[in-house]
Structure formats: structure tokens, C-alpha cells
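Down below are the structures I want you to see.
Next come two complexes, and both contain subunit A; in the first it sits with subunit B, in the second with subunit C.
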Partner chain A sequence: MNARLLPYILILPVTLFLCLFFLYPFVLVAAQAFTTGDGFSLENFREVVGYWKFPISLKNTLLLAAAVVPVQLALALLMATMVNRMRRGRDLVLYIWTIPLGISDLAAGMIWLAIFEQSGFLNTILGAVGAIDRPVNFLSYQHMGVVFLAIALAEIWRATAIMLVILVAGIGLIPKEYYEAAEVFGAGPWQRFRRITLPLLRPSLQTALVLRVILAFEVFAVVAALGGTLFPVLMSETYAYQFDLLDSGAAAAMALIILAISIASTLVILRVLRVPKGASI
Partner chain B sequence: MTVTPSTDTRRAGRILYGAGVVLLCAWVLGPIYLLVVNTLSSPETVNTFPKPLIPEFDTGSLRFFLEFAGMLSALKNSVLVAGLTMILSILIGAPAGYALSRFDFRGKQAFRMLILLTRAFPLPLLALPLAVMFIRTGLDDTILGLALVHTTLAVPFSVLITYSLFSGIPLELEEAAWTLGCTRVSAFVRVVLPLILPGITASAIFAFVISWNEVFAAAVLTIENRTLTAFLLQNLDTSPLHLKFAGGFILVVPALIFIFAVRKYLFAMWGIANR
Partner chain C sequence: MSFRCHVAGVVSAVAIGLSATGAQADILFWSTQAKPVEEAQAMREQVLSGFSGGVDYQPNDGGPWLTRLKAELESGTGTIGVLGALHGDFAALDPDDLIDLDDLGVKAASETFNTLARLGTDHMQYVPWMQASYIMAANRKALEYLPEGADINALTYDQLIEWAANVHEATGEPKFGFPAGPKGLKHRFFQGYLYPSFTNGVVRTFASDDAVVAWEKMRELWSHTNPASTNFSFMQEQLLSGDAWIVFDHTSRLAQAFNERPDEFVAFPAPAGPKGRGFMPVLAGLAIPRTAPDVEASKELVRYMMRPETQIATLRATNFFPVVDVDLPDDLPPAVKAAGDAIARMSAAPDANPGLLPAGLGDKGGDFNRVFVDTFERIVLAGQDIRAVLDEQKQRLAQIMQETGAPCWAPDAPSEGACPVE
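Let's look at the complex of A and B:
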């Protein structure tokens, strides 16, 4: 076989596949969003943005992302540095900490439902210590703060692992000599973390944040399991347009809006955490 | 913290560190334990207050789950879709991973961009236009149709993971086999494949988990042939608590096993995929 052609033959299947199932549907969804009956129009966008639930679901999605992602970043950084200096039991601890990576958002929703529902474990514990007399229905509109907290906790619990994995891999790439040199010059743990780990971890931080923020805008099943219709988010609204209202034009418009937010935030993260040329390891 | 900590502060630091590790382990395992307690309790116990904190080992909830109309076929659909996704994403992705690790070719950067681009997109959303396309081609509500969409989710990972795995095997090994009379194909089959097989398995398992866990596209693209996640989502409003918890438990079990199976590869995968 011709060695010049071989790489192209090898990448052909995946390229064709992605063109058919990634680029083409992307064009379709854009076309669908910008057309109504007679040609090009912004009617779909006007409809979804003008709907009274849109500002609420946008606000909920952004608030949730703003509450969850920084906590996850801090937690993942903490866990990654803890694991890095671990000598015994590293594999076991890493296994336990990465378990949520394999757990679906729906299952995570169910898990936290077991804690927060009316006959759940939170009520049981609060009852046992005498804080409440009767079980409280936490996941109701009277307790919107608790609904938000439950969803945020479930998200933090479930999706910190993906950042952890990326950061642990990234820290593994930092040469140990840097730390030894810093120690020789008398840098404490905090200084080593700030002056060596953080700057050299930038590419991994970038990947981890981009991936995590996009997933945060896609939050859906956790919210569906815990908040139901109490807590509308962009993705659940998209689902509702497609299924309950059977308006695929509006659903497509919602999809494009989520896409636009994702791309915008990706660009911001890439810009803020940009790696200076030639400065990578 | 001081530059030369005294033994006291050092010991305090160690205790704090140990406590932190244990606490974070409990943070991950605690909620799963509570789900297990619920799953292994009778439906009556699940719906009562207050709740016991140790399981009573009653199979009532699980039996109810398995006997619930449509649940078994949903479980079967989930396994089939995930299995098909696993096979497709390896068959399509691994050759590209090999090409990326072994060849420098024009358009390599563009190809890598295409792969990375897919990760920057909320992919499940693409299920919306595909629903229309699938109705035209007869793929709607089929195992294959959903598996194709899930493969779109999984294949970028399988390309990047196999790329990093193949990069870990020195080209010299292959070249040695060529000089000993192997063709490119037979050298690959006899030398590279045995070395790479465990890693490929890990990446296949990863694809399986991606598909097994996916909710949105599954709910959009299936109607009669619901997968487990789509079925549970559709019945969220109406299903009793013990059904939800047993369903959640069944979703979690493969995750526990799979993460255990791929744990060695998890970090190697991401280390290279990052660059």
C-alpha cells in the first residue's frame, strides 16, 4: 500500500463519520433555527427569547454554572495536589475519587434525591437530632434555595472527577526537579503551588475548564431528577420545545443559543488562560 | 506556613492532610452508600420516615424495578446501544489514532482541530436535527440510529486515547518486525496489537460508559425503544421513589466496575490528549 496515502485512508472513516453526524446536523440545526415556513427569519429566536420562561432558565443555568464551576475547580486542584504527594494508597484513593466520572447525571440526580426528598436521609438526620418535628418537603417551590443547593451539590459531586483526572494527568507532566529546586531555595508548599504548579498547569486548567463549563451549560438530567419543572434551565426548555410543544424550530433556536454561550465562554477561557508561546513544558 | 516547620506543625499538617483525604473519600462514597441502602430496602421502607441508615437486604425494590412494564427491554436496549457504540467508536477511531501517532501528513493539524472541535460543542443537541434525518432514512427509534449519535460523542475520545496509546509504543518495534520479513499489516497484528489490546479495551469501556450514561439524545431519538436512561427520565413524574432509586442503582453498578477496569489508563489517556 502506498505509504503516502495510508494516513488518509486511516483517517477517512472518522472524518466521513464526523462530517455526516457532526458537521451536517450542525448545518441542519442552524438552517432549521433560521427558517419559519417561508424562508429566512429570526422568528424562532424572537419566540424563544420572548417567552417568559427564557430569562429564568438562562439565569438559572448561568447561576448554577457560576456556583458550581469555581467550587469544582478549587476542589479538583486540592484533590490533585493531595494525590500528588501521596505515597501509600494513591491508587485506591484515586479510584474512589474518580468513581463519579462513570456515573450518569440522571443517576447522580437519583442519588441526591434519596438525600433531599421528603422521606429522605436529610430529613431523617434532621429529625434524629431534633431540628425538625415533621419531614420537610425540601424539593418544593417553598424551598427554592434548597432546590438550588441540592442541584449544585449533585453537580459538584458528580462532575468534579473529570477535572480531577485532567489535572492529575497535567501535574504528572511537571518535572519533579522544579519542586526540588524550589525546596532547595526555601519555597514553602504554598509558594511551590503558586509559583510552579499553577503556571505550569495552565494547559490542563484550560482543557478542564472548557470541558467543564460546556457541560455545565448542558446541565439537564440532574435538574430534571431534583427540580423537575421547578427549576427550568436552557436544556430542559429545549427538551420541552421538542417534546411537549412539538416546535422543533424553537428547539433548534434554543440549541443555537446554548451553542453560542458555550463557544463564547470557551473563547473567554482560552484567552484568559492562554499559554505564552514556547512556555509549555 | 514557615519555611522550616517545627515537628509540631508538621504533625498537625499530616493529620489535617489525612483527615482531608478520608473526608473527601466519604464525600464521594457516602451518597452512593445511601442509594444502596434505599435500593436494598423494601418499597414500604423507602417511602417511610424516618429511614434506617443500614440496608435491610430486602429485594422488594429491585424486584419491583425488574417487573416494571418495559424496564427489562429498556435495560436490554441500553446494553445493545452501548455495545454497538463501543464497537463503532473503536473501529472508526482507532485507525485515526494510529495515523496521528505514526505519520506526519498534510492536513494533520486540520484533522486534529476537527476532533478537538467536537469536544467544544454541546453534542447531544445535535440529536434534534438528526431526529428529522433519521425519520427520512428509517433510522428513527432504532438501536443503530442512537448508537450512531452516541458514537459521535465517543469517537473523539477514542481517537485521542488510541493516539496516546499508540504513541507509547516505539516505532522501532514495528520497524524491527518489518526487517524480519513482516508486512505492515502483519507487523501491526503480531507486534503492536498484543501490546495495545488492554488499552484499546479501556478505551472501548470508556465509549460504553459514555453511551450508557447519555440521557438527552437518547430521550430525543427513541420513542418505543427507550434506553434505560430515557425510560427513567420519561417516567420521572409518575414513577414511585423505590423505582427511581433501584433505577439509579442499576445505572451506577456498571460505572463502578468500569472505572475500576480502566483506572490504570484514565490518567495516561488525559495526559496526552491534553497537548
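Let's look at the complex of A and C:
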């Protein structure tokens, strides 16, 4: 086997797989979004953007991402630092913290629905301690703030682990010598975290944020379970175009809009958290 | 083709490969009806077991149902033998993709249904299979709060609102239940009940002054409606749980309540407005796609489904009523009796104002429904100005009617060409 060719041969199956199941459908979706019955047109985009729910679903999606991602980032950093300091039981704690990662989004939504619904756990507890006389319907159109909060909580609970895993790996890569040197010079824990951990964690932060933000724009099942039609997001509108209205062109246009938002935010994150040339660990 | 379609296409291709090797002789009955597990099982064990050939009954949601069907039609070869779906599902298909069924020798007793089944062509594109409707149901505990002098079998919208208000006041909780959830059939209430009862039309009168009154009444009713209704899709659940005492829904979405606790609930006709007692049938049909592997066997299955005894077995399994003339036996489940009585009273009422299912909308059926759902969400949930919302939604409705060219259906007065929004 030619040693120079080997790497290419090894990545060939994956490349083929991606071309067949990602690139090819993507081209088809793009073509579908930009055509109607009579050739190239922007009609699909005009339709989905002109629909009165579009600004609402766009706002909801962005708000949710803006509320959820920073909290998750802070939590994941805290948890990663804690795990890193542990001498015993580190693996056990990591496993437990990553359990939500193994649960499907819809199941996660259902779990939180069981907590918040009218006959759910929260109502039972509040009733038992005498805080309320009768069950309150938290997830109704009258309490949009609670609906938002419930969705945000479920998202935080479900998807913080994915950032945690990436950050734990990143922290593990930072050489211990830096910390020892800092301690010698009298840097406190907060200083060490700010001056060593954070800067050297940049590449991992980049990956974690990009992944998480893209997932946040694609949020769907948790919202569907907790908010129903009360809380429209971009993905639920896409679903409605494809399966309720049977309008694949409009659904494809929505998918491309989500893609554009994802790419834009990825570029911003990459730019803001860029690692200066030659400044690797 | 979207990405989903492709994945589904590949999955179904694999499924086709597997099923082709598994059971070659079975006719694949691909249906959007009788989806709940118990109903699907009853279809297999009690309805289809009497058919001489083997049948593989597979119910599915509308989306996947259509995706697989389209994949088969596009590839030109298929495994689906018989399609079972609602009138609206068939209306969204190209009639050329369905085999003409005029020579089958079976049809519905109602000529209206047979006309609908032609889908605007000269030939039967599907055979009417079974029917249902939407009715009201109530917990017996609510009966004592009926307004004075009100007859439960001849209620008006005003009396219904008063009744819901009485219950609200007495129990301290809004107990009217309305299927406004994501999978709920709320749009049918507006199209077949509210609009005909108040405006004697659906499309022509969409933004009329009568329609403004109708939505005002809807708002009033909503103020006594359990606000969790935006999560309700099958009102039998809320009847059984006690979250709602007075409800509106599809007969088969109320059946479980009557079958489980027949003595606790009553079924009754929909209320009447100034323009009569509007109500609407639900019609399901059977069709054969042009890609069916064995058309003769499929036709045989359709004939079998239309036999009176099969129709009665289907009624027991699904709570959908026969479309052919049959003598109903006495030992029917409680839900069937209750719903049957309510529908009979509704259609026999002196002020009955039956509407038809939307017809001629083709694949715009979903868009048509969305106009009504959006109007509801804006007026009732978001509290926007009725006149302004109607004037805005009216343009979308007019656009759909223009694009499809669908003529008016009852109770709208007939039109030449596309039904106008006045």
C-alpha cells in the first residue's frame, strides 16, 4: 500500500457517505427552495418570510438561543473545572452528568412536560405544601413567560452535557506546568482560571459554542412537547410547511434560512474566539 | 425533494425489499385511518381477517403516508395495494395517480359522497368507505347547570355559552373543552359549525359582518374554556380526566370516554346560530394507486370492505359509520349508540344546515385550514381586532381560491369559477 495514498483511501468511505447523504440532498433542497413550477424564483422565500408568524418564530428561536447558550456555557465551565479537580469518582460524576445526553430531545421534553403540566409533579408538590388551592395550568397561552422558562430549563438540562464533554477534554489538555508556575507567582484560583484556563481553552470553547449554537437554532422536539403551537420556532414552522401544508419548496426555503443563520453565527464565533497564529498550546 | 423525503424514500425502499421477500401475497392496505394501536389491531383481527386473501394493514400519519405513496408513484413501481384516507388526503393527490373505480359496482348510498369521490373528474377516483361527524359531549355533572328552558338536543350558541358560564361560575374553573391542540381538529369547527351557523357560508362570508359576530361569540365561549385547550387534541382524554365537562370533537375522538364510562357522559347535537345548525360530515375513502402490484386483488379487497357486514365490523373497530345501507345490530358499543343518536338528531333538526367538506382545493387543503387556525390564534388567543384580522386573512383565502379555482360548496351559494371571498 502506498503510504501517501493511505490517508485518502481511509477517508474515502466517509467522504462518499457525506456526499451521498448530505451534499446530494443539500443540493436538491437548495434547488427546491429556489424553484417553483416555472423555473428559478425567490417566491418560496417571499412566502415564508412574509407569513405573519415568521418574525415571531425567528424572535423566539433567537431569544431561546440567547437565553440558553450563555447559561449552558457558564454551567459547563463550572462543571468542567469541578470535574477536573476531583481525585476520586471523576468518571462516575462525568457519567451521571452526561446521562441527559443519551436521552432523545422528545423524551426530554416529555419529562419536563410531566413536571409542568396541570396534573404534573410541580402542581402536586405546590398543592402538597399548600402554596396553591387547585392545580395551575402553567403551560398555557396566558403564561407565555412560564412556557419560555420551561423550554429553556429543559434545553439547559438536556444539552449542557455536550459542552461539558468538550470542555473537560479541553481542560485536560492544558499542561499542569502553567498552573504550577502561576501558583509560584502567587496567582489565586480566580486569576488562574481567567488567565490560564480560559485563554488556553479557546479552541474547545469554539467547538463547543459552534455545536451548541447550531443545535439551538434547530430546537424542535422539546418546544413541540412543552409549547405545542403556542411557541412557534423556525423548525416547527419548517415542519408545518412540509407535513401540514405539503409545501416542500417553502420547507426547503425555511431550512436554508436556518442554515444561513447557523453559518453566520458560526463565523462570528470563529472570529471572536480565534486563536492567534502560532499561539497554540 | 427534501432531505426527509429522501431518507424516507430509502427507508421505504428497504422496507419494500424486506416485505417483498417476507409475505408476497399480502395486499398492503396503506391507511391514514384507524391509527391508534387498538383500532389498528381491531381492523386486522375483526375486519380484515374475513377477507379471502391476506391483507397487511398499515396505518400511518398523513405525512409519512403521503411520502411513501409519492415515492412509489415517482419510481413507477409500488407495493401499496389499497389506500385508505380522508377525502382531503385524496383531494391533494393527482387524480391520474388513482385508478378509476367506476366498474367496481360498489358505491355509497349518498350521491353527495359519490360526487365528492370523483374529485372533480368524471370518474370515481376513490370509493367512499366510512363516515363520521363532529358532535358535542358533556359530563352528566354539567347537566344541572343547563340554562333554564334550554333543550340539550336543540341548543343555541348563546345557550351553550351561558351553560359554560354557569359551570364556570359554579365550579370556579372554565370547563368547556375545545380541541385547539397541535393535532386537534379546531379548523373543522370553524369551517363546518361556527361559520355555517352564523354566516350561512364559509368562503363567501369569511369576512362578513356576520363573521365578526361569530368570532365575538367564539371569544365569549373561549372565556369559559379551559385555557389548556391549546394542548388538547382528543377530547375523550379531558372528558375522562374531568378537565373538561362540555366538549366538541370528532365522534371517534370521543368514543373512548363513552365506551369506558357510558353512564357518565351524554352526546348531543352541535348548537345552532342565527343561520341554522351548521354541521359537517367526515368522509374516508378507499382508492387504488396506479402502481398497485395486483390491481384485481386490490379491487377485490375494496369490494370486500364495502359489504354491509364488513361495514358494521368497521364501525365496531373504528367508530366510523357505514356509507352503504345497512341494518345496524342492537349490540353496538355505547360510543356508537351515543354518537349515532346525536348525529341523527343533528341531521333531523328542523334548523339543520349541513355543510360539505372543502372540495376542489387540491394540495391547498392545508393552506385553507391554516387561514382558519391563524384567524383563531390571532383573534381569540392574541386578542387582535376582529375586523382587521378578517380583512387581512381574507386576502390569503382569496388567493387560495383563485389559485385552485375551487367553486363554492354548501352552505355557500354556488359560484361560476373560483369561489369568491366577498
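By our rule, the second predicted complex is superposed on the first by the 273 of 281 C-alpha atoms of A that agree within 3 Å, B and C clash if a C-alpha of one lies under 4 Å from a C-alpha of the other, contacts with A are read in each partner's own complex, and residues count from 1 in each chain.
Note that in this section a residue touches a chain if its C-beta (ideal position, glycine included) is under 8 Å from a C-beta of that chain, and two chains touch if they have at least 3 such contacts.
Quantities reported herein were computed from a predicted structural model and do not represent experimental measurements.
Between subunit B and subunit C, B contacts the larger number of subunit A residues. Contact with neither subunit B nor subunit C is seen for A:84 once the two complexes are overlaid on the shared chain.
In the superposition on chain A, contact of A:52 is made with subunit C only, not with subunit B. Of the two partner chains placed around the shared chain by superposition, subunit C is the only one that A:140 touches, whereas subunit B remains out of contact.
When the two complexes are overlaid on their common chain A, residue A:248 makes contact with subunit B and with subunit C alike.
When the two structures are aligned on the shared chain, A:262 is found in touch with subunit B, with no touch to subunit C. When both complexes are overlaid on chain A, the residue A:228 reaches subunit B and subunit C alike. In the superposed model, A:32 makes contact with both subunit B and subunit C. In the superposition on chain A, A:169 makes contact with subunit B only, while subunit C stays out of contact range.
Counting contacts as defined above, subunit A residues 25-26, 28-29, 32, 117-119, 224, 228, 242-243, 248, 251-252, 255 meet subunit B in one complex and subunit C in the other.
Every residue of subunit A that touches subunit C in the complex is listed here, in rising order: 25-26, 28-29, 32, 52-53, 117-119, 134, 137, 139-142, 224, 228-230, 242-248, 251-252, 255.
The touching residues of subunit A, when paired with subunit B in their complex, are 1, 4, 6-8, 10-11, 13-15, 17-18, 21-22, 25-26, 28-29, 32, 78-79, 82, 86, 91, 93-107, 109-115, 117-121, 123-124, 127-128, 135, 157, 165-166, 168-170, 172-173, 186, 188-190, 203-204, 207, 210-211, 214, 217-218, 220-221, 224-225, 228, 235, 238-239, 242-243, 248, 251-252, 255, 258-259, 262-263, 266, 280. Looking at the complex, you find that subunit B touches subunit A at residues 1-3, 17, 20-21, 24-25, 27-29, 31-32, 34-35, 38, 46-51, 53, 91-93, 95-96, 98-100, 102-103, 105, 107-108, 111, 114-115, 118-126, 128-133, 148-149, 151-152, 155, 159, 184, 209, 212-216, 219-220, 229, 232-233, 236-237, 241, 244-245, 247-248, 251-252, 254-256, 258-260, 263, 266-271, 274-275.
Of all residues in subunit C, only 1-6, 61-63, 66, 92, 172-173, 181-182, 226-228, 230-231, 241, 243, 363, 366-367, 369-370, 374, 377-378, 381 touch subunit A in the complex they form.
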